[in-house]
Amino acid sequence: MIALVSFAASAALAVVGALLAASVRNLLHAALLLGVSLFGTAGLYLFLGQPWLACVQVVVYIGGILVLILFATLFSSDITGSGQRAPRALWFAALGTALTTALAAWRLVRGGVEALAARRGGEPVVPPAVGSTDAIGDLLLGAWFAPFFLAGVLLTVALVAAVAIVQRHRRPEVEAEHA
Amino acid sequence: MSAGTTSVLLLALPAAAAVLCACLRSARAAHAVAAAAMLVATLLAVPMAVEVVGSGAVVVGPHATWLDLGRFTLGVGTMVDPTGAVLAAIVALLATVVLVFNAWYMHDEPLAARFPWQFCLFAAAMQGVVLADNLFLLFCCWELVGLGSYLLIGFWFDRPAAADDAGYQARKGSGARGVLEHRLSPSHAQWKAFVMNRVGDAGFLVGIGALLAVSLQTGAEGDVLSFARLAALPTADLSAASLFGLSGESLLVLAALGLFCGAVGKSAQFPLLGWLPDAMQGPTTASSILHAATMVAAGVFLVARCLPLFPPDALAVVGWLGAFTCLFAASIACVQWDLKAVLAWSTVSQLGLMFAGLGAGAAAGGGEAAVAHLFTHAFAKCLLFLCAGAVIHGCHGHQDLARLGGLWRRMPVTAAFALAAVLALGGAPWFAGFVSKDAILAAALAAAKVPGGPGFGPFLLACAGSLLTAVYLLRWWLRIFAGRERQLEVTQAAHDPPRAVLAVLVLLVPATMAAPWTFGDWLPLPHGPEHATATTVALVLLALGSAIALVVWLLAPRAGRDLAAQLARVLRPLHTACAELWGVERAFDLLFTRGLGRGLAAVVARLDLGGERRLAALELDGAPRPLPASLDGVVDGLARGCADVGRAGALLHGGRVGVYLAIALGALALAVLVGWSA
Amino acid sequence: MPEFGPDAPTGYLLVAALLFATGVFAAISRRNAIGVLIGIELMLNAAALQFAAYGRFAKSAADPQGQTAAVFVIVVAAAEAAVALALLFAVYRRTRDIDLEQNRELRS
Amino acid sequence: MIGPLGGCIVGPLLLAAACLLLPSRLARWFALAGGLGVLGCGALLVADFAARPGADFRWLEQHDWSRAFGAAFTFGVDGPAALMLLLAGLTTAIATVAAWQQSDRPRLYHALVLVLLAALAAVFTALDLLLFYVAWEAVLLPMLPLIGLFGGEQRRYAATKFFVYTLAASVMLLAVLLLLWNSQPADGRSVAVPSVVAAAHVDPVHGTLHGLVLQGPAAAPRVHVPRGFDLRHLALQADAFAAVPLFGTTLAVLGLLAVLLACLVKLPAVPLHTWLPHAHVQAPTAVSVLLAGVLLKLGVFGLWRIGLPLFPSAAAAAAPALGALGLAGILWGAWAALGQSDLKRLVAYASVSHLGFCLLGLASGTAAGIAGALVFSFAHGLSSALLFLLVGVLYDRAHHRRADGFGGLARPMPVFAWLLLLGALAGASLPALAVFPGEFLVLTASFTAAAPFPAFAAAATLSGILSAAYLLWTVKRVAYGPLRHGEQAAFGDCDGRERAALLPVAVLLVVFGLWPKPLVDAVRPACELLAALLQGRSA
C-alpha cells in the first residue's frame, strides 16, 4: 500500500511538475519545476528497480543540465513578463498539437501494454526488480560498445562545438566595441 | 411635281431650315428663313393635298433601305394618303402662321433666335410622322417630335418655378388667384413631358415588337413594318404565330394596345396626361402648334393610320379610355383660372373625343370622324392659343382669368377671332367643330349599337364631355373679353397685334367655319342613320352648356359677388376634386416619381454600393469597415475573407520555431493516430 | 497483474506519454528559447522513462538493455542542452535577447 | 515582315518607348499619333467590310511563336473586330486630346496609354487563343497605374479593386486554354466543316479553309486540324469540345463558364459590376473615357470571339440565363443611376445599364441581336465618352462632381449645355443619334427570338423611360433652371482644346445615328454566320 502511494506520488510529481513547467509564466519557476518533474521521474526509476539510472538522472540531468538551464535563464531579458507567452493562435495550436500527441501516445501505450502481455504469454508473474549495475557495465563495454563510443564522441563534439559557437563571435570589431 | 417628291420636300424643307436657322444669330433673319421655308412647304403641300384627296389614292414616295437585317429590313421612305396629305398641309400652314406671329410675339425676347430652329425641327419631325411609309420611320420621327417638344417647352430654360419666381410674385398683386403657384419651372416641365412620353413609347416599342414577331412568324420578309404590309396582317393567316401561349390574334391585340399606349403618351390621354398642362411653360406660340397640329396630333394620327390593325377588343379600350379622358379633362378645364390651362385641358378633352371616335372603329365611320375633328380642332386650337398669346402679351404676362375682362373693347379683332375659334371648338352650327363633333358622336352611337362593341359608355361619356366643353369654352371667352374690365392696371395697355400679324391670323379664321370642310364633300364624313340623333343630342348639349356658362356669367355681377365662386362653394368637394385633377397627379407622383422613381432608385443605389459613409471610408486603411448589406460590400467581404485565409497561411511560414515544431509533431501524431491502427 | 502500480507497465508508460505531450506543448507555446529547451528536455525525459519501463517489463527476467538506452538518452540530452545553450548564448550576444518572436530569422 | 495589324500593336509600343525617352512635350503627340494610326487602320477595315460585306478574316498575318504548342502570332480581323479596332483608336485619340494638358508625369501617362492601346489592339486582332489571353491580361497592366497613380482621392482602393476583380475573374481562362489544348489529339483531328463555315471561309482560289487543306467531297468537306491555339481551328472543333467529359459535365460547359466569368466582369454584368463605379469615379477623365469607351467592350468582344464560337452548344443552352442577366443589368443599372448624385458614378451606372443591352443582344443568338450588340458597343463608346468628357469639363472648373452642386450652367456655358443635352439624348437612345440603332436592333431581335426573349425585350423597354429620366434630369439639374451658385456665372464655356475632344464625338454620334448602315453592314455577315452556328446547335 505504501509502495502504491509513493509510486503515485512520484508519478504525480513528474506529471504535475511537467505541466506546471510548461505553463507557468515565470521562466525561473519553469526551470525549477522541470527539476521537480525530473525528480519524480527519478523516483519512478527507483520503482522500476533501476537505482543506477535514478542516480544518473539526478546527477546528470538535475545536477548538470538543469543547472545549465537555470544559468541560461539569466540571459533572458524578461523572465517574468507577459512576453513569455506565444501569440494566442500559436498557444491554441500548441494545445491542439499536445492533445493530439497525448492521444497518439496513449494509443501507443495501450498497444505496448498489450504487446508486453502477449509476449509474456499471459504469465502473471512479474519478474523481480533487481539492481544490475554490473550488467549495464558489461553491456556498455560489450554489445553496446559502438554506441557507447559514439556517445562519447558526441559529448566531446558537443563540448567543443559549444565552445566554438560561443567563441565564433569574438571578432576583433566586437572586441573593439566592447573595449 | 409628283406627290412623292413633294412629300420628301415637305420633310426636307423644315429640316434644312432647322439646320440653317441654328447657324443664324439674328432672330429676325432666323424667323424670316424659317417662315419662308414653311411658306414654301405650305404652297407645295396644299396642291399636293388637293391632288391626293381628289384622287383618293395612296401615293408611295421614294423608299430606301436604312438597315438590312437579313430576315427583315428597316426602311425610310414616304407615303401620302388623303389623311396624311391634309395633315401635312395643315402642319405646314399652321407652322407658317405661328412663325410669323412669333416674330411679333418675341420681338423683345433675347433668346428669340433659338425659336425658329427648334420650331422647324419640331415641324420636320411631325411631317415625318405624317408622311412616313413605315412604322419604324414613324417611331423615329415620333421620338424627334418628343425632342422638339422638349426643346420648345424648355425654351425659357433658366426660369425658375413660379413659386420661386420673384418677377411673378411681384406681378401677382392683389385679387389674383395665384394660378401659376403650383406650376413647374420650364426645365422641369420639359423633363416631365419627355419622360411621360417615354412611358408611352415603351408601350409603342412593345407594339412594334409584337407586330414584328407576328410578321416574321407568319413568314414575312423584307420591309415588314411598312404600312402596306401591316395593313394586310389582320387578314393574313396567323395560325403560325404564337408566343408565350398567345395566339396570333391575341398578339395583334397586344400590338394594337402597345401602339395605343404610345398614342396615350403623345396625346396626353388618361393616365399619362399630366405633362400637357405643364407644357404651357413654353412660349404660347409653341403651345399653339403643340396643341394643334404637331405632337398631340401625332397620337391620334398614329391610331388612325394603324386603325386596320386594331381588333375590336383593342378598339373598345381606345373608345372607353378616350371618352373617359374627354369627360375627365373637361371637368378639370371648368375650374381652371389660368387662361392657358383652360385651353390645355380643353386639348386633352378634345383629343379624348377623337379617341372616342377612333374607338368606334372604321366600320362606324369613327376613323374619318376623328381625323376630321383633328383637322378642325387644329385650326381652332391654334387660333385660340395665338389669341391667348396676344392677350398675355398685351397684359404683360398676366394670365389669371379672375383679373382679366372686358378686353373686347381694347382688342376687338382678337376677341372676334377667339370667339370664332370658341364657337368652332364648341360645335356651334355653321362652325367647323359642329361637323366633326357630330360625326364622332354619330360614330360612337353607331358603334354602341353593334353587338359586342364598346357599348353606350363611350357615347355617353363623350356627350357629357361635350356639354362641359361648351361650358368651359364660353366661360373662358366671357371672362377674358366680355363685360367690363376687372382690373384696369392689368388690362389697360392691351391692344391688338399689329396688322401684319392679324393678316396672317385671318388665314385661320375661315377654317373655323363649317363651309371649307363640307364644301365639295371632300372630307369623307360619315352620314349614317345615327347622324340625325347625334346632331340633335349635340345641339341640345351645346345649348345647355352655353346656357350654364351664360347664366353663371350674367348673374355674377348683379349679385354683387362672384356666382362662380358661390357655385364653387356649394359644389366644393366636386370643385376641389376637379381642381386637384381628381388626385391623378398626386397618385402619379406618389407611385412613380417618389415610389418607383426616387424611392426604388435610392434603395437600389444603397443596395449596390452601400451608404455614403461606407464610400467615404473606403480608402482609409485600418478604419473600421463594417460590412454593409450591399453588393459591393459582399465583394469586399469576399476579398477580406481571402486576406484572412492568407494571413492564417502566412502564420505558418512566419519563421516561428514553434509553428514548425507544431506542424512536425502534429503531423507525426496524426500519422500515428491514423496509421497505427493495425 | 494490477493495471496500475509499481509492478505494472501501464503507469510508467502513461506518465511518459503525459510528459511527452506536456513537452510538446511547452516547446510550441513558449516564445522564449529557454522555455522551448525545457519542453524538449521534458520530451527526452519521457523517452528515457519509456525505455526504462519497457526494459523492466519486456522479458521474464529484468533486462539491462532498457536502462542502457535510457542512459544514452540522457547523454544525448546533455549534449543537446550544451549545444543549445551555446547557441542561445551566441544569439543573445547578437541581439541581446533570446525571444523567439523577435528573432524570427528563419523567415525567408 | 510586320503587316498593318502587327503594326497596330508594335507601333504603339514603339511610340510608348519614344514617349519615355524623348522630351515630355512630345509625348502627347506620340499618343495622338498612335491613336490616329489605329483609328486609320480601323476605319479602312470598317470601310472595306462595309463595301465588301463578308464573314471572313482580312489582313491576315502570322509570325512564329511556338511550333511545339501550336501557338503563333496570328492576326486577322473580321467585321466586329474592325469596328472595335476603330473604336480603340478613336477613343485613344479623343482621350489624348482630353488629357492634352496632362502636367503630372506626362511621359509616363502617355506611354501607359499607348501600351494600353497596343494591348487592346492585340485583343481585337488576335486569332490565337494564347495570344488573346496574354493581350487580355496585358490590358490590365497599364490600367492599374493609370487609375492608381493618376486618379482621385480613393485611387488606390479603386485601382486595386479593378485590377484584382478583373484579374481574378479571367484566370480561369488560362485553365480553359490548357484544357482545350489538352483535349486535342497530339496529331490533330479531322473534323467535318459546317456548310455555313465553308461558304464563308473557303478560299475560292486555293480551296483551303483557314490555311487548312480541304478533304473529302466538296458537298461535305472535312479538314485536318492540327493541335494548337488558332481560334479558327478551335472553332471548327466545337462539337468535339462539347463531347469531352470533365468534372461531371463537359469541357464546353466549363469553358463557357470560365469565359463568361471573365467577360461578365469586364462587361460588367450585374451583380459583378461593382468595381466599375469606383474605377470610373476615381479615374481621371481621359482614363474614364478609355475605360467606358473600349475596356468594357472587351467583355462583349470576348463573348463574340471566344465564348460563342468555341462553345456554341453550351452558349445556346445558357442563352436564357444570359438574357436574364442582361435584363437585370439594364434595369438595375438604370435604377442605380437614378439614385446617384455623383455625376461620374451616374454615367458609370448608365454604362452598366447600356452594356446590359449588349449582353441581351448577344444572348438572343440572332444575327440582328448580335449585330445590334456590337453596333451598340461602338455607339456606347461614343456616347459614354462624350458624357465623361463633359463631366470632366465640369470638374475642371468646379472641382467637384455633385449634381446638386450645379444649376443653370446653360447661361454661362451654352456650348457645354448643348453638348450635355446631346450626350444625354444619345444615352437615352433618341433616334438620329448613334445609340439608337443598336438598341433598336437588340430590342427587335429579342422580340423576334424564341421565348423568353420577347418578354426580356418588353421589360427592357422600361430602360427608355429610366434613361430619359436620369439623364435628362441630370441635364436639368446641371444646365437648366436659374443659376444656383453665383460663382459659377464666371465659368468659361468649353475652350478650344475641350471642343477638339468633344465635337468629333458629337458629330460622329449624329452621323452614325443617321447613317448606321456601314457599321451594321460591316458586322452583319459575321453575325449571321455565328447565329447560324448557334441555331444549328440549339435545334
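For this structure, a couple of remarks:
In order of appearance the chains are A, B, C and D, and numbering begins at 1 in each one.
We take it that a contact is a pair of C-beta atoms (placed from the backbone, for glycine too) under 8 Å apart; a residue touches a chain by one contact, two chains touch by 3 or more.
Just so it is clear, the model here is predicted, and its values are computed rather than measured.
Listed by label, the chains that touch chain B and also chain C are A.
If you compare A-C with A-B, the chain pair joined by more contacting C-beta pairs is A-C.
Chain C and chain D have CA centres that are 68 Å apart.
Measuring from the averaged C-alpha position of chain A to that of chain C gives a distance of 4 Å. Per-chain CA centroids place chain A at a distance of 72 Å from chain D.
Chain A and chain B have CA centres that are 98 Å apart. Residue positions of chain D in touch with at least two other chains are not found.
For chain A, residues that reach two or more other chains under the stated contact definition are 86, 90, 93-94, 97, 101, 105, 108.
Multi-chain contact residues of chain B (touching two or more other chains): 656, 658-659, 662, 665.
Pairwise, the chains that touch each other are A-B, A-C, B-C, B-D. Residues of chain B that touch chain A in their complex: 648, 651, 656, 658-659, 662, 665-666, 668-670, 672-673, 676.
Per the touch definition, chain A reaches chain C in the complex via residues 3-4, 7, 11, 14-15, 18-19, 21-23, 27, 30-31, 34, 37-38, 41, 44-45, 47-50, 52-53, 56-57, 60-61, 64-65, 68-69, 71-73, 75-79, 83-87, 90-91, 93-95, 97-99, 101-102, 105-106, 108-109, 112-113, 116-117, 119-120, 123-130, 132, 135-136, 138-140, 144, 147, 151, 154-155, 157-159, 161-163, 165-166, 168-169. Of all residues in chain C, those touching chain A in their complex are 1, 5-32, 34-35, 37-39, 41-42, 45, 48-49, 52-62, 64-65, 67-68, 70-72, 74-83, 85-90, 92-94, 96-99, 101. Within the complex formed with chain B, the residues of chain D that make contact are 153-154, 156-157, 161, 164-165, 271, 274-275, 277-278, 332, 335-340, 367-368, 371, 408, 410-411, 417, 425, 428, 430-432, 436-437, 440-441, 443-444, 446-448, 451-452, 454-455, 457-458, 461-462, 464-465, 468-470, 472-473, 476, 479-483, 516-517, 520-521, 524, 528. Residues 66-71, 74, 136, 139-141, 143-144, 147, 150, 154, 157-160, 164, 185-188, 190-191, 194-195, 198-199, 201-203, 205-206, 208-210, 212-213, 216, 243-244, 597-598, 600-606, 608-609, 618-619, 631-632, 635, 639 of chain B touch chain D in their complex.
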